[in-house]
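Labels A, B, C and D are assigned to the chains in the order they are written; within every chain, residues are numbered from 1.
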Amino acid sequence: MTRVAVFGASGYTGGELLRLLLAHPGVEVVQATSDQFAGKRLDYPHANLRGMSSLRFVPHDALEPCDLLVSCMPQGGLINRWARVRELAGRVIDLSADFRLDPAAHERWYKKHPRPADVPGFVYALPEWTASALPEARYVAVPGCMAHASLLGILPLVRAGLVKPELVVDAKTGSSGGGATPDRASHHPERASALRCYKPVGHRHTGEIENVVERLTGTRPSVHFSATAIPSVRGILATVHGFTTRPMDEAEPLRAIAMAYREKPFVRLIRPNTSASPFPEPGPLQGTNYCDLSVDVDSERNRIVVNVAIDNLVKGAAGTAVHAMNLMLGRSETEGLGFRGLHPI
Amino acid sequence: MTRVAVFGASGYTGGELLRLLLAHPGVEVVQATSDQFAGKRLDYPHANLRGMSSLRFVPHDALEPCDLLVSCMPQGGLINRWARVRELAGRVIDLSADFRLDPAAHERWYKKHPRPADVPGFVYALPEWTASALPEARYVAVPGCMAHASLLGILPLVRAGLVKPELVVDAKTGSSGGGATPDRASHHPERASALRCYKPVGHRHTGEIENVVERLTGTRPSVHFSATAIPSVRGILATVHGFTTRPMDEAEPLRAIAMAYREKPFVRLIRPNTSASPFPEPGPLQGTNYCDLSVDVDSERNRIVVNVAIDNLVKGAAGTAVHAMNLMLGRSETEGLGFRGLHPI
Amino acid sequence: MTRVAVFGASGYTGGELLRLLLAHPGVEVVQATSDQFAGKRLDYPHANLRGMSSLRFVPHDALEPCDLLVSCMPQGGLINRWARVRELAGRVIDLSADFRLDPAAHERWYKKHPRPADVPGFVYALPEWTASALPEARYVAVPGCMAHASLLGILPLVRAGLVKPELVVDAKTGSSGGGATPDRASHHPERASALRCYKPVGHRHTGEIENVVERLTGTRPSVHFSATAIPSVRGILATVHGFTTRPMDEAEPLRAIAMAYREKPFVRLIRPNTSASPFPEPGPLQGTNYCDLSVDVDSERNRIVVNVAIDNLVKGAAGTAVHAMNLMLGRSETEGLGFRGLHPI
Amino acid sequence: MTRVAVFGASGYTGGELLRLLLAHPGVEVVQATSDQFAGKRLDYPHANLRGMSSLRFVPHDALEPCDLLVSCMPQGGLINRWARVRELAGRVIDLSADFRLDPAAHERWYKKHPRPADVPGFVYALPEWTASALPEARYVAVPGCMAHASLLGILPLVRAGLVKPELVVDAKTGSSGGGATPDRASHHPERASALRCYKPVGHRHTGEIENVVERLTGTRPSVHFSATAIPSVRGILATVHGFTTRPMDEAEPLRAIAMAYREKPFVRLIRPNTSASPFPEPGPLQGTNYCDLSVDVDSERNRIVVNVAIDNLVKGAAGTAVHAMNLMLGRSETEGLGFRGLHPI
C-alpha cells in the first residue's frame, strides 16, 4: 500500500484527487493539507465525499513523511516549499506550472524561476506520449489542462507531417478551471451566461504547447491560442484549426490519430456514423479520465479541424496525476479511473 | 453470473441501468432491447458508454430467456407484453408504474388495470423500508422518482408520530425525468430557463405516496404534492413541509431520522455544522445512489421541513433497481453502486 | 424634469434602476453614488448601459441636493446616513428593509431599530394594494422581493376569505437576489447546479408577509416560508400552498384574483387554455415589471395553489421603485416600464 | 402608419419581430401568419407578448395585401410562395437564405435556385455597410446570423488591408438559432451541457461571408468557419482569428474599426480599461440590436483576434429586419430598437 499525501487538498483538483485516491485499491491517503480547513473532515468542503473518510485536514506545515506526494497547490505554492517537500516525500507529482517549463520559458510566461536547477528533475506527464519515462520518474509535472487537450489533438498530426506548423487553437472552458476562490468574474450572476473570449492572445499555455510539440516531434510550431469561457462548470473543448500540408480527406488524419492512440485506454477517436452524439463533448466525460477526439477536413480549403474534449479537473488534472502515479508505481494504467461518465447530464 | 436483460434500454433510465450493470461484478448483460436503435451498439445513443461493450440492441420482440429482466419501458409497456415477459424472465424488476399501485389506486391515478390479478405478485422496492421482502421477491416494482424522494423524508416522521398527517410536498425536478423523447416543453430554448410549477395539483405520485405511507406506517396521510420544473437535467429536491404534533426543536426529528437510516448505506443525514454545503442538493449526487436529507424546525410556528435530494435517474430509478437486484440475489447491497458523485458540477 | 439621485448605484438593483431611469422621459439622473467605482462611468460595472450615459459615479459622501433619491444601499446603509439624506433629498424611495417593518417587527427579524421614530413616515409600496397612499408619500419603502411575490398571491385570497390563514410559501429564487458581492455560495462552480433550500425556516420575509397581510386585510396569517436557490440568475417563483375555507373549484379564486388586479397593468392572471406556456415562469418576465399568476385547486383535498412569478430585480426591486415614483409624481403608472420581456430566453 | 404583415410568425424570429413591431411607433401589424397556431392569439406561443395585442394568427394562405411583409419562414418557405407574396406585398424583407446568395453560390451551398431571375432584385441588408441601398430597396434579404456577426468583425480589417485574406472564424452559438421545432439535438437533457463543434467544416455561412467580403471590399478571402453549440439559448460570439499583413499592435486595427462604425448606433467597440466586463459577451446584448466588438493583437506571432457578440435573434435576425425597415421607410435608424439589455442575466 503506497502512502500518499495530498498537498493543498481543499480546492477543486484536490477534491477530485481525494475522490480518486480514496477509492483506489493500491494507495492509502495518509494526509491531506489545507490551512483554511485544518481540523475539518475531508467532506467539509467536498460534499461528494460525505461519509467516505474520517480523515481531517492538517495545515501545510504539518506535512509528514510519505511515499508519494501529490501537490494541488496553486502556482508558486510548491516552489516555495520545495526544500521541505523534497525531504519528506519519496516521489512528487505536481499539478501546477511550477516545474512544467524549462527555466527560460518559465521566465517568459510566468516569472524568473527561483529554482532552475530543480526543473530538469521533473518528467512532463502526458501519459499517451511520455509514459516510458514515468516508471523511473521521481518528480512529475502534470500538464496544464488546456495545453493537455490541445496537445492530444496536435501531436499526432504534426508527427505524421499532415499539418502545417501554424495552428489556431480555440479552446472553450468551464468555470471550475478558475479554482475555488470567489471573485467577480466567477460570481454566479456574472458567469452564468458568460460567453467571453477572456484570453484572446497571450495565454500561458501557448508556450507550454509550443515547447512540448517541439520536444516530442522535433518541429517547432506557432500556436495561436485563445481561451473562451462558456457557461458550464467542468470541461474543455479544444478546437484545433490547422492547414494540411497537401490535399487530403479525413482518411489519412483519422489513421494517424487512430495509430497514435491505438492502445491508449483513455483516448477515444469518434468515427463517423457510430454515435447519435458524433462530436466530442465534455458533458458525458465529466468525472472521467477519458478524452474524446474527432477530425474533419475541408478538402476545398485544405483545412483540418480536430476537436478534443476532456474534463479539465480529471484528464486535465487529478486523473492524469493518478494515471501517472499508476505508471510510476508499476500498476495497471486504468486503476482507480474506471468511472465512465453520465448521460444525460 | 446472473444473466440480465434490459427491456427498453435506449432511454435515460435504460442508459443508467446499462452503465451500472455493465460494471457490476455479479451480472452479465445478455440482451438490451430497443426498437428504435435495433442493430446499433449500446454506445450509439449512450455516449458515456463509448467503448464499454460491443453488445447491440435487439428489437423488443427478440427477447430471449434470462435470469432477471429489468424493464425500463414507459407506462404500459410492460403490462402489454407481460404474458410473454413472464415466460422468458425468471425474475422481473419494473421501473414504470405498471405494477406499483393496487388496482383501485391504479385506476384512480392512471387507468383501469388490465391485469389486476398480477399486481399482488409485485413487491414495492423501497430498499430502506421493504428490504426484507426482496430476497424472496420474484417480481419487483421500483417507486416513482418523486414518490421515492418524498417517502424517504416522510416515513420516519410519520412512523415516530412527530408530524401531523397533512403534508405539503413541494418537489423540484430536472428535465431528464421527462424522458428522451423531444417535445415542446423540453425543447432547450423553452426549458433552459424554466422555473415552472407544471403540476400544482393532481400529480400521480400523490396517490403512490399516500398509499405507501399508509401501508408502511398504518397512518393514512393527506399529501399535498406539487411538482416544479427547474433548469437542470438531473436531480430532485423534495421539500416536505409538515406540522409537528407537539412543540419540539430539531433534536427529536433528527434522532428519528438517524435511527430510521442507521445502517442504510445510501441515506445520509446532514447534521448542522458539518459541511460547507449544509443543505441537501442533487448536484453532487448526480450519478450516485445516495440520498441526502436535512431537517429544520420552526418552533415558533410548529413547522418542520425535511429536504430530500436524490438523482432521479439513479436513486430514483436505475440505482434502486440495482439495489433491489443485489438484495434479490443475496449480494452486498452496495455492489456496483460505489460511485460517490462529483463536486463541483 | 424631476432630478433623481441613485444612492448606492453599483449593485444589481442599482444597475436596473439606472437602466430604467436613464430611459424614463420624466426624470433626469443627476447623481449615482458608489464608493467602489467613484470616478468610473456608469457603464463600467453595468455592461448593458454601454454608451447610454456619460455620467460618472461619485462617492456616497458627495451626494448633493435632489428632488428624489432612490436608495439601493444594502441593509443598514440608509439608516446610518439617514440624517444627511433626509436633508438633501426632497423625497426618498428605499429598496432595503431599513424602514419596511414597524420597530418591534424590525427588532424581531433584523435588529433593534436605531431610528424607530422615523419608521412611521414611510409608506410601504405595494402599488397594486397601496397606490392611494403614494401620491402624498414623502418616504417610501419598497417590499422585499420574495415578500412582494408572495403577497401578490396571498392577498386576494385572504381578503376574499377563500383560504385558511395557515399558508405554506415555497419560494424559488435565482442568484441575483444575493447581490453583486462574490462569496463561496455564489461562486459559479458552487452555484451553477444549486438546488438548495437554503432557508427552510426563519426567513426574514416571513415577518414582512404576515405583517402586511394583517395590515391590509385585518387577518393575521401564519406564514410558513421557505426559500430555495435554483440554478438561474433572475427570477422568483413563489408557490403559495393554502387550504380553502370550504369546498370549491378554481372558478371562485380565479374571480377573486381577477377582480383584485382588474385594472392593474402589471399583474396578469393566466387563464386555462390561453397559452402554450400556461404556468407562470420568471423567464419571459426578465427585465419587465410584470407579475404572472395562476391558480389551481385540488377539490378532493381542499388545497389551493397560487403560483406567482416575477423578476426579483424589477418587479421585486427597481421596477417597483419606478412604479412608486410614477405614482408619487402623478405620472402614468407604466411610464418607463414598457419592456415586455423576451422569449425564448 | 405602414401596414406590416409577418409571414411565418410563430417561430423564434417571428416572435422577436412581433415584439419589436407591436411596440414600434411607425407601423401597424395587420397580419401574422401561422398554420400551426391559426386562430390563436399572438401571445399563445409567445408568452412574453401576453396582453400586448388581441390579434390572432391566420393561415399562410389567408395573407392579404400589405405595405410591407417580413418573412420569417424557414428555408424555401418564401421561394415557394414568392409569386403570390410579390403580388400582395408592396415591399418584402426576408430573414431566410432564399434570396441572399447569387444563384451559383446558392446552388453550391443550398440547392439549385428555382427562381434565379428574382435574386438580383434583393438588397443584402447589412445596415452598417449597405445602408445606402436600402431606402430604394423593394426586396431585402437579411444576413444569416453567424455570417452577420463574422462580417462585422472581418470587413473593417480587410477593407483597411490590415489582415491577410485567410481567416479562421470560430463561432459559438446558443440553441435558439436552431428554431422552435423540437428534435433530439435540442432536447433539453441533450443540449443543456452541450459544448460541441457541430459544424467543424462545411457550414453554409462560409459561402455567404466569402461572397459578401468580396462584394464589399474587392478582396476574396478564404474563410475557415466552424460553429460550436454552447449551453445557452441566445447569443453568438464570433471569434475571428486573422494574421496581420505587417507587424502592428492594437492601435491601428482599433482605429480602423472605430472609423468603420463611427456613426453607427448599434456597433460598439470596447476599448481597453473602460469596463469591468472588457470582453464582448452576448449575455447583456440579449433582446437588443447591439453588437459589441473587441480587438487584440499578438505582435510576437502577428495574429489579430476580433471578437464579435450579438443576439442571434435580434441583431442576427429580427432587429436587423426592423433596422432595414426603418431605413427603407426613411425613419430614424434606431426607432423601435431602444432596448439596452439586462445585466446580470
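Rule of thumb we're sticking to: a residue touches a chain if its C-beta (ideal position, glycine included) is under 8 Å from a C-beta of that chain, and two chains touch if they have at least 3 such contacts.
Owing to the predicted nature of the structure, the values given are computational and were not obtained by experimental measurement.
Look at interface C-D and say which pair in A-D, A-C or A-B is its repeat, using the rule that over half of the contact pairs are identical by residue number.
Matching pair: A-B.
What's the farthest chain from chain C if centres are computed as the mean of the Cα atoms?
Farthest by centroid: A.
Return the distance between the CA-based centres of chain B and chain D, expressed in whole Å.
Comparing mean C-alpha positions, chain D is 45 Å from chain B.
Measuring centre to centre with CA averages, how many angstrom lie between chain A and chain B?
Centres of chain A and chain B (C-alpha means) sit 36 Å apart.
Check each residue of chain D and list the ones that touch at least two other chains.
Each of 12, 176, 180, 184, 189, 192-193, 231-233, 276-277, 281, 286, 344-345 in chain D touches at least two other chains.
Which positions of chain B touch chain C when the two form their complex?
Chain B reaches chain C through residues 168, 170, 172, 184, 189-190, 192-198, 200-202, 222, 224, 226, 228, 230-232, 235, 237, 239, 241, 276-277, 279-283, 286, 294, 296-298, 301, 303, 305, 307, 309, 344-345.
In the complex formed with chain B, which residues of chain D make contact?
Per the touch definition, chain D meets chain B at residues 12, 174-176, 180-184, 186-189, 191-193, 231-233.
Across the complex, what residues on chain B touch chain A?
12, 15-16, 19, 23, 41, 43-52, 176, 180, 233-234, 268, 270, 274-277, 281, 284, 286-288, 290, 292, 338-345
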